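What follows is a group of structures, each given as structure tokens.
The same subunit A turns up in both complexes below, where it pairs with subunit B and then with subunit C.
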Partner chain A sequence: MSNSVLWYTTRGAGAVTLILLSCVVVLGILSTLRVQSASWPRFLTTGLHRNLALMTLVFLALHIVTAVVDPFTNLGWAAALIPFSSVYRTFWLGLGVISFELLAAIVVTSLVRGALGHRAWRAIHWLTYAAWPVGLLHGLGTGTDTWSAWMLAITAACVAGVGMAIFFRLTSGSADPLAAARTMFRSAVDRREA
Partner chain B sequence: MSKQFELSVDRMTCDGRGLCAELLPELIRLDDWGYPILTPGPIPEHLIPLAQRAVEDCPVLAIAMRRTQHKK
Partner chain C sequence: MTRLLGTADAMSPLPKVGSEIIEAIERSRLVGRGGAGFPVATKWRAVAQRSRGDAVIVVNGAEGEPQSKKDRVLMSERPHLVLDGAFIAARVLRARAVILYIGERHDAARNAMLRALSARPESERRLVTTSAAPARYVAGAEAAAVHFLNEGIATPTNVPPYPFERGVGAAPTLVQNVETLAHIASLARTGQAPQTTLVTLAGAVKRPGVLEVEAHATIGDSVLRAGGAIEAPRAILVGGYFGSWVEPEHAWNLPLDADSLRRHGLGLGCGVIGVLPASRCPVCDTAGIMHYLAGESSAQCGPCFFGLRALADACTRVAERGTNPEDIKRLQRWAGEVRGRGACRHPDGAVMFLSSSLHVFAQEFAAHRAHNMSRSA
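Right, the complex of A and B next:
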């Protein structure tokens, strides 16, 4: 009985992690698009992005810990931390480990963003565009519920949401009306200082 | 002498995203192009937590809160 509770928790937490992570990615893109309205201030996008990201990590931890602790899977901690070291479904679990470690790096660097500086933080934050699809593939490849109707609906909604956000990000011009002017000004200042 | 805090904006870094003015309208308003105009002087004590949040939430880390010495 307790074993099956662990196993169900692993599966449930995995699905919740996908939903939350997709929301976090969409919110992150919305914030670069400077989406706002009278009832949706910009700090709400940023605040939700941050808090849901932290919550994602909680469910991801639950997903990993319950999978490892479950005696039936017999994974061991190494399989959860070293990519492609698991005997069980080596490739698909490895993708999960990579996605987890990328997300951990993204969250930790965000927590110390002030000390790290904007440029380095941003470079690492771009890894999200790798972490999300790798995590999604991990779920598609090894998810017990992947092909059930409800999980297919969840996955489709997540892919559609993130896909639409990326589409808007790529097609809408810069959200910043002064971007060109500022770039020119900065390069002029750089030339003077050089 | 007492320790006080003041806000400053790095104009070269600022992208005019405007979160700071939403979080701390008491001290920050935006010009016509969306760039912040700060109220000069020390931050009133009750606004320090909000100022902290404005500093932390700036998408490009353009705002800083600095400790200054003021004669009483």
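Right, the complex of A and C next:
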């Protein structure tokens, strides 16, 4: 019984992680688009983005820990931390490990953003665009519930949500309302060597 | 009595001063003459008390304020005095570099400084590099100068860290206006800071230009020394575009020293005293200056960029279409909302200027009829 509890927890936490992570990605894109309305101020987007990201990590930890300690899987901690070191489903589990480690890097650098500087933080934050699809593929490839109707619906909703957000991000141009003016002013005060 | 202008500019060996000059500066209560009025001793002490490494001295002759000419005149007439101040700073603060940051259009001033520099001893010359400040209002701001020298972009950056903590090449950097450096050089040579200050008289005076006035002289004295007003003044702008309008009868007897001005909620800023004649329309002039200041926002902070533009537009609506209570109310409300919301003090200076306009010219703003601004200004 306790073993199946662990096993169900792994699967459930994996699905919840996908949902949360997709929400975090969508919120992150919405915040760069500066989406807002009277009932949805901008700080709500960034606040939710941050808090859901931390919650994602909690469920991700649950997903990994329950998978590793489950005696039936016999994965071992190394398999959870070193990509493609698992004997069981080497490739698909490896994708999960990569996705987890990218997310961990993104969260850690966000927590120390003040010390890191904006440019480096932003460069690392771009890795989200790798972490999310790699994590999704991990679920598709090795998920026990992948082809059940409810999980297909969840996956489809996550892909549609993130896909739409990326589409708007790509088509809306610069969301920085000051970009044009800043470029113009900078051209007047910029004397860097070409 | 030591003076800055009207005295021969000769080179002589630097006085042997050490860190005790910082106490002398503090006793003289000297404040920066670039516009911000920051206490000089505080900056020097911060650079002197660094934990390690060499310091950098930036000689700030950017002079981006359109009406001000005093820095250029000083650099042209007393380049050695300015350089004395820079090299005294370099010696006292153990600096490895002195950078002459001079406005790119101030050719006469830069040539005079370079000519003077070529006569200085090798031990001084080898410290010096020169840099041309872009001709924009914010380029002379301390953090913008450091940003320019580090990355080639003359826009202000977030402080802290202040340049005197972390400036050019990350070294503690003293950015000091040229007049301030000249004051320090006089102080080091004579043991007494000049009790004078440089001002630029602009607007409706007979002889606009740069004057050296006693610190206790009144605004009226300086207007008279510029030949007097050419017609009845409507108001006097104290401190340039980041300054304030003052009623002439109130301004006339106001002493120009920093303490007296501060007691009246004023500041000498960069030392511009502008005389607005009664024949000009203060509303149209305010709109014109607000437009200039909005255009000088470096577009880094939303409240400054959008706020100043909205304020300038509201001023222009009143100027061009006549007064309306909505715009007057907006101007008053927005002016309060912009203050303190930028990385630098650009928005604060602009709304301080605007608030004094709304106060001193309250009647004109309330009764203004449509003007064609291009004709009036």
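The working rule: the second predicted complex is superposed on the first by the 185 of 194 C-alpha atoms of A that agree within 3 Å, B and C clash if a C-alpha of one lies under 4 Å from a C-alpha of the other, contacts with A are read in each partner's own complex, and residues count from 1 in each chain.
Keep this in mind: a residue touches a chain if its C-beta (ideal position, glycine included) is under 8 Å from a C-beta of that chain, and two chains touch if they have at least 3 such contacts.
The structure displayed is predicted, hence computed values, not measured ones.
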Inset, instruction - Check whether A:E193 is in contact with subunit B, with subunit C, with both or with neither, and answer first, second, both or neither. - result: second
Legend entry - Of subunit B and subunit C, the chain that contacts the larger number of subunit A residues: B
Inset, instruction - Look at A:S31 in the shared chain and tell me whether it touches subunit B only, subunit C only, both, or neither; answer first, second, both or neither. - result: first
Legend entry - Which of subunit B and subunit C A:P71 touches, first, second, both or neither: neither
Inset, instruction - Check whether A:R182 is in contact with subunit B, with subunit C, with both or with neither, and answer first, second, both or neither. - result: both
Legend entry - First, second, both or neither for A:G173, with subunit B first and subunit C second: neither
Inset, instruction - State which residues of subunit A lie in both footprints, the one left by subunit B and the one left by subunit C. - result: 177-178, 182, 186, 189
Legend entry - Footprint of subunit A on subunit C - complex, ascending: 132, 134, 136, 138-139, 144, 148, 151-155, 297-300, 302, 305-306
Inset, instruction - Name, in rising order, each residue of subunit A that touches subunit B in their complex. - result: 31, 34, 41-43, 46-47, 113-114, 117-118, 176-178, 182, 186, 189
Inset, instruction - Give every residue of subunit A touching subunit C within the complex, in rising order. - result: 177-178, 181-182, 184-186, 188-193
Legend entry - subunit B residues within the subunit A interface of the complex: 12-13, 15-19, 22-23, 33-34, 56-57, 59-61
